[in-house]
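Labels run A, B, C and D following the written order; every chain starts at residue 1.
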Amino acid sequence: MFSALAPARTWVGARVFFEEELEMWVVYTLNALYFAALLFLTSLGLNIILGVMGILNLAHGSLYAIGAFMAAWTIIAIGMNVPTFFLFISLLSGFVLAGIVGFLMEKSLIRFMYKRTLEYQLLLTFGALLLLEDIIKMIWGGQAYYASAPFDLLGKVDILGHIYPIYFLFVMFITCLAGLFIWFFMGRTKLGIMLRAISLDREMATGLGLDIGRLSTFAFVLGSGLAGLAGALVVPTTPALLGIGMEPLILAFIVVVVGGLGSLKGALVGSLLVGFTRSFGIAIFPEIELPLLFLIAGIILVVKPEGLFGR
Amino acid sequence: MLTIDNLKKHFGFVRAVDNINLEIREGEIVSIIGTNGAGKTTLVNLISGYLKPDSGRILFFDKDITFASPYVRIKLGMGRSFQLIQLFGNITVLDNVRTALFSKYGMIRRGLLPADRYSSVTEEAIKILDNFNISDKKNLTPTGLSEGDLKILDIAIAFALKSKLLLLDEPTSGVATSDKFKVMDSIVSAIKKEGISTLIIEHDMDIVSGYSDRVIVMHEGKIMAEGKPDEVMENKEVKATVFGIVS
Amino acid sequence: MGATAMTAGTFGTASKAIGQAKKPIPTTPVKIAAVSFLTGAAAAPFGIPGDNTYKMCADVINKEGGILGRKIDLQSKDEAGGVDAQVKLCRKLILEDKVDVVLGYISSASCLAVLPLSDELGGLIVAYDCGTHELMEGAKSPYEVPKFKLGFRSKAHLGIDNIGLALYIKKYYPKTKKVAGINPDYAWGRDSWLIFEVAMKKLMPQVEVVKTLWPPLGNTDYTAHISALMGAGPDIVHSSLWGGDAVTFSKQAIGMGFFKKIRMAYSRGEPYPQEVGKDYPEGQIICCAGTHYFLFSPKDKASADLQKWFVGEYHKRYGKYPTYPCYHAYQAIYAYKYAVEKATKAVGGWPTIDEIAKAMTGLTFPTPSGPLTIREDHNGIEDCLVGITKLTPKYPFPILDKMEVFSAAKVNPPVGTKTVDWINSWK
Amino acid sequence: MFKKPRWIVYLLILIGLLFIPRLLSIYHLMLFEYGLTFAIVGLGFNLLLGYTGLLSFGHGAYFAAGAYSVAMIGKYFPHAYSIEILIPAALFFSLVLSVIFGFVCVRHTKIFFSILTLSLSMLLFALLFKLYHITGGSDGLRVPLPALFGMSFKGIRRPEFLSGTYYYFLLGMFSVSFLVMKGIVSSPFGKALQAIRDNEIRAELIGIRVRRYRLYAFIISGMFVGLGGALWTFVNGHVTADLSHWVFSGEIVYMTLLGGFGILEGPIIGAILFTYLKLYAMGNTQYWMFVIGATLIVLVLLLPNGVAGAIASLLAKIKRKTVKGTTC
């Protein structure tokens, strides 16, 4: 009986929003930036792998989950007995373990796929996704891991009359650092320029005498590590659970597709687009926030099939 | 039947095709020769609709096809082969030719029965393969064929379309030197049997001279010389730039 | 070991005496499948306590000689994996493993999908913890009962929680002007909000609904939802979030200063204070999905004793106080036991599934929260307990203060009437 | 037609399949029916992957279109809830959806095509998931037993329905699908698709309208998958939004590869094998994803042509050997 009211309510929601809730825009924006930050890290990793190796890694979400579980486990294991500083360092454990898993994955599976056709590449990473999900279950069991110490310790801050957790600002800060680092690395260092050369033209890069095998391994480890870092950063705010990587993976797909395959700038703009759509979508059109996101992505793809910053 | 009027195509500063005028008459075999980068392939791409020119006109049977899609040109009776072999790699030699025939007869849309039931098409395909002397290999996939046979098959497909004009882009490139004339013999004899106008692109004068009615020499996007093969061979400018003989 | 074997033996002979009439009682164990969340976010606060209780009860029953001498062979199954996986699992349990009864399901989604299988496949299924009122209700009232011949629910539906909350808000917070809702986006959340909204409109017509949010089950980031709720500025936010979702939401909401401005009303918030601990905010309205609270003492002596034993036994075994899923698990397994015993008495011998189902209809039996009746619509009815969280020095987590019990007649619609129609017919 | 040994084998298999309900227990018969519905899905999917060379990671969308057409008609138009109406309806809705999605997708190839199909199927997923009041959201919808040409199955338990009338109906639908698909791939149209797969540029230059025929292949493929989805609902009895999730699409790709997409019969074998593999893994270990994931990886690395491909090459080897043997 209330179903008929749902669309009407959406529009009422929009009206109420513009009349009464505009004062909350600060928080909505911060939320959007926070969500975009986590997504940016995930999609950056996916994008580096896609750009350099031409492989869409469907198991990327599992690497995110590994980062989350590892960080949660470390934080719980070291407990409250150490200086606070170490708690934040322990978040890096997610980056490290995901990097190691990425390394093993590349060495044992992915490297056989460079010369294979698309369907095999995708299916192999799909197999890796299934495998990793259950390996996580074997190691950490099916339980939820709560590790909110870093979130609780940082406390809250007053921003223009709104209370906001400092931890979210911390996540944005770390993401900015990581983003700047990758930008500098890709644009200024020799290793980064070599990676870009591969992503532009693999055959030519071979001709230039670059060690493609090693560079690919490096790119895969870096990309995996970034996913792990994103997982680690999220875990103080939400428990580490089986399947935690599925939603970020799908959103990262959207970011990569909308931003353009292999484009760092695209990953940034795409993440912001998703972050703002989500934050303001939930505030204004809570019923259709998710389809709205896919619809925007779909329209961009119809108009500009290669993505906003695609080649 | 084909008239080219002031055709121009530039890639940045490179004048790949620069004000070319050209005419091909019915039943004629014309060769275009020139060094690598002379603009031969660009010209063929423009004629077949794979590229769009910057200016100029292409008329085919008095119809302006300058900007028509490849599909329209094929329907009008144009066929081409490629410098790099372009075949259907995972279907049999017979199906390679048959598919072209089905397309030609508009049967892809209308033909609902299994392909084997259209025995007239199959017979015709085998006849074409016979013309090119490769019908014994009809049940192999292209992966099992020699380089020369692949070239011949490539042209057989173009031939199957019953084109009134065939564009052959370096029909013997990649073929072992000893086989080149054998390949050309099969191709030209099949073409002559049907009396199809043909435009052959080659960089090696020797290969085409025996088969062509007319030879056009291209250099840096322009036509340098035109005429009977032996006439052109004697042209000093051609000798210097194309054959590298300075006398 | 020897003692149990002996008791089983004596019961064996005893059952033979009964079995003389028609059907002998088999000596093989009774196969009971218990399906709860054993992995995922709902495992720690729901599935594991529920499953622990099944194990505890099966153990206790077996020690006392089993059901009419037949031991219980309990098989714990995982409810994780989504609705479709549950349909397949249940079909396997009934058709392939041939279990005697399936007790289970925490999620309303699982129940809605699985319970119809009872009649389709001819297997007895007792839902133990899921809430949606739609499960046993027909399309319009009065509807035909029972909806499923072989499908039961050994507890009351979510009507009691949400009607209870509305009654409580009217009594203790009559000045409420604006309410909002954040509920998981599936049957449980949608139906909880529906009943709450209808009840509020009836009880306090002046109240305005300012926002309804529907995060998906298993959502990890509630920041956008929290600030959207704060932006709408309600006095009370109704929520049926549960499992890991409720914990995550609470933690993130604490960080964003949510509870300084807004009071939450949890339709089934009873496990979370224990789960979150001292940080759990005070002054939140919490409903206990019945009267399932470890500090609650039923009026009649027998039930009170049972409650004392249950809380003690559970705490002894698992080091925690039983939460409401534990009580629900107790109700389900004992409903089966009592129904079998009642049916055996009637038919003289081990009953068929249809005879057990007949015996379970209208069955009344003692539970730690008071006597429970399973009505003709195959649905249990219960009283409802609502309270407000408050920290005391005695427990390391907030406990309930200002406890109010609404009697079953006040919060359960009569048999055959749809809950929404019943509420709308209030004077 | 029956002069060829291949057709005799088909006939023998069909006769064998007629007796399956007598051989298998109801539970295993159900698994087999799942396998048969997925076989239809695999046939359709393979037209796109194996014959047109396009890898869709979003075919769950058309499966969901077929399945939800059945479930929604059951919910909103119960008087029209009869198989002879439901199947055309499912075909129609999967046709409409694949026309819309296909129109957008066939402009691309390779990984762009895969990602685009994936995104669009997720759009459908988001709609099915969020529009709770219409689609049932993540709870999905129940699918009661349908009527068939006026025959009502009220009061019959689902196992009886599935082991009786429905099995033969399903078998009939499967046989028809197989014959139709066999006809499609061996028709001139099928040859044209293979030409497009092998060489898009050349295909265009022999006068094949590449994009248009890709779209036709996409639509036909979508309709087969939709038909499979509709038939599947009656076996499963329940539909959820997960059907349109990319992971489900991944499973469709998986079963096609498991059987081998180079051969028409490959996906059929793959679908039946996959159904048993998955349900046995699920039934026997909690680490079933590990089992099917590891199987997939081994398959990709060692058996790229799938089971059917491996059997075919084995048969070819034996044939060669016997030929050699006779000459010696």
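Here is the rule we go by: a residue touches a chain if its C-beta (ideal position, glycine included) is under 8 Å from a C-beta of that chain, and two chains touch if they have at least 3 such contacts.
None of these values were measured; they are calculated from a predicted model.
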| item | value |
| --- | --- |
| With chain C removed from consideration, the chain sets that still hold together | one piece |
| Most distant chain from chain A by Cα centroid | B |
| A-C or C-D, whichever has more C-beta pairs in contact | A-C |
| Distance between chain centroids, defined by C-alpha means - chain A, chain C (Å) | 37 |
| Chain centre separation in whole Å, for chain C relative to chain B (CA means) | 79 |
| Length of the line joining the C-alpha centres of chain A and chain B, rounded to whole Å | 52 |
| Whole-Å gap separating chain C and chain D, where each centre is the average of the chain's CA atoms | 40 |
| Sequence positions of chain A contacting 2 or more other chains | 137, 287 |
| Multi-chain contact residues (two or more partners), chain C | 39, 78, 214 |
| Contacts with two or more other chains, residues of chain D listed in rising order | 129-130, 133, 286 |
| Pairs of chains, among all present, that meet the touch criterion | A-C, A-D, B-D, C-D |
| Chain A-facing residues of chain D, complex | 49, 55, 57, 104, 107-108, 110-112, 114-116, 118-120, 122-123, 126-127, 129-130, 133-134, 246, 250, 253-254, 257, 261, 286-290, 292-297, 300-301, 304 |
| Interfacial residue positions of chain D with respect to chain B in the complex | 183, 186-192, 194-195, 197-199, 201-209, 213 |
| Chain D partner contacts - residues on chain A that touch it in the complex | 3, 6, 54, 56, 58, 109, 112, 116, 118-120, 122-124, 126-135, 137-138, 250, 253-254, 256-257, 261, 287-291, 293-295, 297-298, 301-302, 305-306 |
| Touching residues on chain A, where the partner in the complex is chain C | 1-2, 9, 13, 16-17, 20-21, 23-24, 27-28, 31-32, 34-35, 38, 137, 141-144, 146, 148, 151-152, 156, 162-165, 167-168, 234, 237-239, 241-244, 247, 278-279, 282-283, 286-287 |
| Chain B residues within the chain D interface of the complex | 48, 50, 70-71, 74-75, 79-80, 82, 86-91, 95-96, 98-100, 102-104, 107-109, 111-116, 118, 157-158, 160-161 |
